[in-house]
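In the two complexes below, subunit A is the common chain; its partner is subunit B in one and subunit C in the other.
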Partner chain A sequence: MTGAATLRRDPAVALTVAVLWLVLALFVAFPMATLLARIFFDKGAFSADGFLAVLTDRHQIRAFWNSMLLGVLVGVGGTLLGFMFAFTAARARLSRGLLTVVDAAVLLPLVSPPFTTAIAIIFSFGPRGLITYELLGLKGVTAYGLTSTLFSEILTFFPIAYLTLRPLLAGIDSNIEGMAQSLGASRWRVFRTVTLPLCVPGLANAFLLLFAASLADFATPLILAGNQFPVLPTQAFLQITGLFDLRGGAALSLVLLVPAMAVFLLQRYWVSRRFYVTVTGKGAGQAPHDSVSPRARAALLAACAFVAVAIIYFYALLLYASLVVALGANHTFTLAHYRVIFTEGLRVIGDTLIIAAFAMPLGGLYGVLLGYLVTRKSFPGRRTMEMTSMVNYALPGTIVGIAYLIAFNEPPIELAGTALLIIACYVFRYGPTGIRATIALLQQIDRSLEEASLGLGAGSGTTFRRVTLPLILPAFFAGLGVVFIRSMTAISATIFLVSVSWTLITVKILENITELSLGPAAAYSVLVVVIVFVVIALIGLALRAFRAPGSTRVTSLLGG
Partner chain B sequence: MIPARLKRAFARTFAACTFAVTSFAAHAQGTVNVYSIWPENWARPMFEEFTRATGIKVNFVRFSSGEALARVTAEKGNPRIDVLFGGPVETFAAGIAEGLFEPYKSPSFDKLPARMKHADGQWIAIADDPLVFMTNEKFLKENNLKAPASWDDLLAPAYKNMLQMADARTSGTAVTRIFSIIEVNGRNEDKAFAYMKKLRPNVQIFTKSGGGGTLPVGLGQAGGGIFFIVDALDTKAKGYDVAISFPKEGIGTSAEAIALIKGAKNPDLGRKLIDWATSPAMQNQFAKHKINFVPAHPDVALEPSLAAVLKGANIFPIDADFAGKNRKRVVDRWIAEILNP
Partner chain C sequence: MGDATIGVQVDGVSKRFSHRVKGEVYAAREVRLDVAPGEFLTLLGPSGCGKTTTLRMVAGFEKPDEGAIRFGGEDVTALPANGRGIGFVFQNYALFPHLTVADNVAYGLEVRRVPSAEVGSRVAEVLKLVGLAGYEHQFPAQLSGGEQQRVALARAIVIRPRVLLFDEPLSNLDARLRVQMRTEIRDLQRRLGITTIYVTHDQEEAMAVSDRIVVMNQGRVVQEGTAQDLYHRPANEFVATFVGRVNLVPGRIDDLVGGVASVSMLGTTVEVRSVAHGIARGDAVRVVVRPEAIGLSAAGSEGPSATVASHAFLGEKIEYGLDCGGAALQAVRYNAGPGEVLPDGAPVTLNFAEEALALLPGDGR
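This part shows the complex of A and B:
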């Protein structure tokens, strides 16, 4: 049956496809086209001057290479750290309790507002830092620059590597390692020649994800990079909000588009096709082979414990800062900061929760619908639809935010200042995680299941409801979770979209940090972490209730 | 195929969402919309007093001056706010060049001295805010320094990489600072930039907002910096051990202004806010809320402890016209020569 024929025969599919194309055109294609037009058209005539001016400005070139350098270093460092954690979790035979602690510590940076580690680093490693000065007595240390930005971004983003590598390592049957060892290879040789090569695609994948995350992050460099180490996302932000140069800022963002797209395509079409599957034909119930020597196990445990303690220390500091009058000056216990956020800040919290509550179901639904259609139905432009849906997801948030700001401020489509615009931004930027999860799930499920149902006399509606829907529910919940978490913690795109009527907690935190109000900033951050943990737990419970074959843990999808 | 029931549910959810979103957007009606350049902890009590006095609600977001100006400029074709509140006068001068404001003379207009108002009423001052040097006492003691009493004191090697001040791309504080330096150098711009170049190695970081460096200085992460007196006294009031001093050559002060936005959707409510803010009705409340601005209205008395700090200080006003005309050029030069040498 050809694609066009499907649409004619199945008006429901045709209608859904048309609606999806309409929203994709409105919220993905239109803003991007407006952005490009703004950069390349000056008073109606084509002109690349503004763009070239940015490309040839030596400060911006320096910022570009700084961004690349930072991205590569974060990619390498984060992948190594993530691999270490994943390897420890998969091979070092941790007890259940210990595993939970590691998981929670690793999740913390992923679910908190992006600059929380940045503040903790300033407190700990500045010229009068708790660690550098009070503990080690060092003088003249600076908390700003490449080192601290790198450190903070690695700690913030390595969980992405951990979450993508852990299932991979768990999937490699340790009996293969056992066989190699019984053939006479040492443990180290087995690791080097068997385990590591099997992980290469996963490592490359993690590297690319981390590189992209670093490229999109403007909040950490805004606080930590200082003036010696300018990076592009921050420069683009300052160009627009500081020098009110929308064209220049848009052009700067466009420069980011090239590496971002390259990384995305590499990750999607090269790395993802090179995953190996290990099949041994042995039952899974067998005792796993012991691939780690006791000494290596101790070393791994110590290293992971060190990092986990560091993370917990940073968040404990944050909690402490939210509970004292003024960190560093007056350490009297107070609940005043929480009083502030629950009185003055109540509207912001309400705004954020309302926006997240609307974005969550819409994003989840969008992900499942689009993912289902592009995998199970054939219609013209199927591949194009999938690619288009990935655009807002692959691009750094700064670009998306700027594009939305330019496209929707004036008629014909005037949405600036409304909650709808922020919700749309979240749905189309983070909904694609749900699309990917749906596609991945459906690829594991044989069509014959659905065909059997049809053959036994059920209508296509009943088949979808009774067979397909339960199978893709985990993807739906994963989509919900990701959209919710990002709605609570993202800032790079939405900072351009807040208004007098609608503002977000993350924007408020950034404002408080740049002012003198550290206490409220810390209190808001703690609140966000708590809300997100509660919601993740609820989604986890829902997932367990709908436990279906092939369901993925919701957390393992957060990294994407 | 999508079952009809799911489809209907989807359509219904979507319709409900759009309805809810649009009705939420309408909750701003009947209030005056404001971008405040004053930080929230000062703007909020003022707006609450205003609501108490007039019954008019204030819907506001806080942006630093550069961000606020960028927003208002970007929204010129379709203004989203009625009043731009607070922020140094040179920001407003730059806004006049963009044609952002609607001239309005409030009842207090005639009482104010010439430098506290734009001749045509494009903006009116609500407060005056001198710059100060603020240093960390512990840092001074450790380095055997006295609180800096001259611009040249800041060049001392002990301050290497230990000063924090605002970034001229986003902060009005920074622009007032740069024009102060130009002024004390007899408006010889080259001399002023030569000084800033010498100062550069001592600057640890240029912060996004004017008060951004106060906390690091309070904590001793930085040794000192140049801030507006409100921010400096606020740091001290929070309990941080800092010294406040003035250079003998003099330092600039900048009026803090308010203006009506051209094309505002609620111009009458906006005018009421301006009437109130430029009168003693608001400025008499500064002391009560521990806001250390110098009142702009001559009928409002200076709070005694603030007067004590300012006693003997050499403070001069920044020429708003000169600053407004040269702002863009000077900031561009600052970016090229000082920020990214």
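This part shows the complex of A and C:
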């Protein structure tokens, strides 16, 4: 049956496809086209001058190479740290309790607003920092620059590496390692010649994901990089908000697009094809191979504990800072900061929650619908639709934010400053996690399940409702979770979209930091972490309640 | 072979697991095996009977909670798998997916620091032996199931192991290939003379390859012997039904003289030579009647009469379901030519090949 024939025979599918194309055109294709038009057209004529001016500006070239350097260092450092944690979790025979602690410590940075480690670093290592000033008595220390940015980004992003590498390590058939051992290899040799080579595609994947995350990261360098270490996303932001040069900012963001796209394509179409299938039938269920010597185990645990303690220390510090008058100067207990955020800040909190509450179901639905249609139905432009849906997800938030700002600032579609625009930004930027989860889940669910239902006389609607939907519910909830978390914590795109009438907690945190009112900033951050944890827990409960017995689990609530 | 062939002793080995519902369960309980040097021994049993756990303990992948394992008199219980000098073939082959065929096979030799010239020649030699010459540079994912199986075999034997261990090596292959590979494994083992322990749940496969079979159930050894011993003189109902197809026909001992029992069953009397211990005159018994031990002759002859309830023509043989005065029996006849098949409902008279019968106690023990 051809794609077009399917559409004729199934009007519901045709209508859904049409609606999806319409919104994709409006919120993905149109902004990108406007962005490119703004950069390359001047007064109606093609002109690359503005773009070339950016490319040849020494300061911006430096920002480009700084971004690259930071990305590579974060990629390497974060991958190593993530691998260490993943290996420890998968192989060091941790008790359940210990594993939960590790998981929680690793997940904290992923669900926090973007500045949390950055603020904690300033609290610890700044001029009046708890560690540098109070503990070590150093004076005139500056916490700004490459080192602290790197440190903060590695701590923030290494969980991504952990989440990609842990299932990979857990999925290596323990018989393969057992086999190497039975052939006479020592534990170290098994690790070096079998385990590690099998992880190479995963390591490359993790590196690329971290590189992309660092490249797109806006919040950390804004706080920590300082003047001495300009990077692209912050430069683009400053160009627009500081110099009111929309076109220059757009051009800068486009420079970011090239490496970001390259990394995304490399990751999707090259690395992901190089994974080894190591699980083949029986044997996969065997107990993990006894692959870590007691001494190595102790060393791994110590190293992970050190990092986990550092993370927990940062969050404890944040909580502490929100409860004292002024950290570093006056450590008297006070609830004043919370009073501030729940009086003056109440509207911001309300705005953020309203936006998140709308973005969450829409993003979840969008993910499941699009994911289902592109995997299970054939219609013209199916692959194009999947690719288009990934654009806003793959691009750094700065580009998306600037594109939205340019596209919706003036007629024909004037949406600037509305909640709708911010919601749309979240749906199309983070909904794709749900798409990916749905596709991945559907690929594991054999088509014969649906065929069995059709064969028993059920229509395609009933089949979807009774068979497919229950099986892809985990992906729906994963989509909900990611969209909600990001609606609470993201800033890189939406900082360009907030207005007098609608603003976000993350933007407010940034304002507080620049005004040096760190107490309320800390209080807001604590609030966001708490809300996110509560909602994740609720989604986890819902997932458990709705999950069809035996259906596949979606483990990465945080996608990528 | 470099090393002298050695035997393997498994001495009262037990392995416990904690089960979420049942608490502590024994995967293997006081298992004793004595494998002679060069012998091909098979552990046979249904899934969950403890055969794989036992094998993994011999390999060193699991540590027994009790008991000892000895290779040629040397206690290896505390030795990890990499110190035991074993060759192991997994059901899923466990080939290294990132290495070529040649590198997979060479792995164990490189671990042993065999000079590279010798590695090359030994790899080539063993690949030729398993019929995979020319496959050196392929990756496992490019091979068929049977080819992967041969690589796993080559990798296990190239290190000239003291003991060769197989964990259901053929169950991922299709039926025809399974039969071919089991013959190849058997021939190879004979040629190399390596002491071998082989695990399977397929009784036909066990009978085809083994010098001796150990039947396990619920963690324990229930009987050991040659294929013929197990088939003709099963020690209990489990072995009788697990090894081959069987009719267990209720009967009673009329007389017991000089080890020969006169048993009345199905309205006739048979003489049985294979009598288990503890069976006495007057006892209720069950007679082990294999399908091929039932002879069918024209109705009206002397013997119990029955009718054909169902039949299946399988080419070389015909399987019959019989109704003998309410008792259901299964019988098999070899196909002697066209026109041989008895239709459903046909009356027949039964006779029994008495030398093929055996007795079990009547109470289900």
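Just so it is clear, the second predicted complex is superposed on the first by the 532 of 560 C-alpha atoms of A that agree within 3 Å, B and C clash if a C-alpha of one lies under 4 Å from a C-alpha of the other, contacts with A are read in each partner's own complex, and residues count from 1 in each chain.
The working rule: a contact is a pair of C-beta atoms (placed from the backbone, for glycine too) under 8 Å apart; a residue touches a chain by one contact, two chains touch by 3 or more.
None of the values given here were measured: they were computed from a predicted structure.
Shared-chain residue A:362: touches subunit B; no touch with subunit C. Look at A:465: by the touch rule set out above, it reaches subunit B but stays clear of subunit C. Contacts of A:493 after superposition on the shared chain: neither subunit B nor subunit C is touched. Touching more residues of subunit A than its counterpart among subunit B and subunit C is B. Contacts of A:194 after superposition on the shared chain: subunit C is touched, whereas subunit B is not. In the superposed pair of complexes, A:110 makes contact with neither subunit B nor subunit C.
By the document's definition of touching, of the two partners only subunit B reaches A:59; subunit C does not. Of the two partner chains, subunit C is the only one touched by A:176; subunit B is not. In the superposition on chain A, A:184 makes contact with subunit C only, while subunit B stays out of contact range.
Within the complex, the subunit C residues that touch subunit A are 59-61, 80-88, 90-98, 107-108, 111-112, 141, 155, 159, 168, 171-172. Considering their complex, residues 1-7, 10, 13-14, 17-18, 20-22, 24-25, 27-28, 33-35, 39-41, 44, 59-64, 66-67, 69-71, 73-75, 77-78, 80-81, 160-162, 167, 169-170, 203-209, 211-212, 214-216, 218-222, 231, 234-235, 238-241, 331, 339-340 of subunit B touch subunit A. Listing the residues of subunit A that touch subunit B in their complex gives 10, 12-13, 15-16, 59, 62, 122-123, 126-129, 140, 142-144, 222, 226-227, 230, 238, 240-244, 246, 325-330, 344, 354, 358, 361-362, 365, 369, 377, 405, 409-411, 414, 416-420, 423, 460-462, 464-465, 498-503, 511, 514-518. Residues of subunit A touching subunit C in their complex: 173, 175-176, 178-186, 189, 193-194, 197-198, 200, 276-278, 280-284, 289-290.
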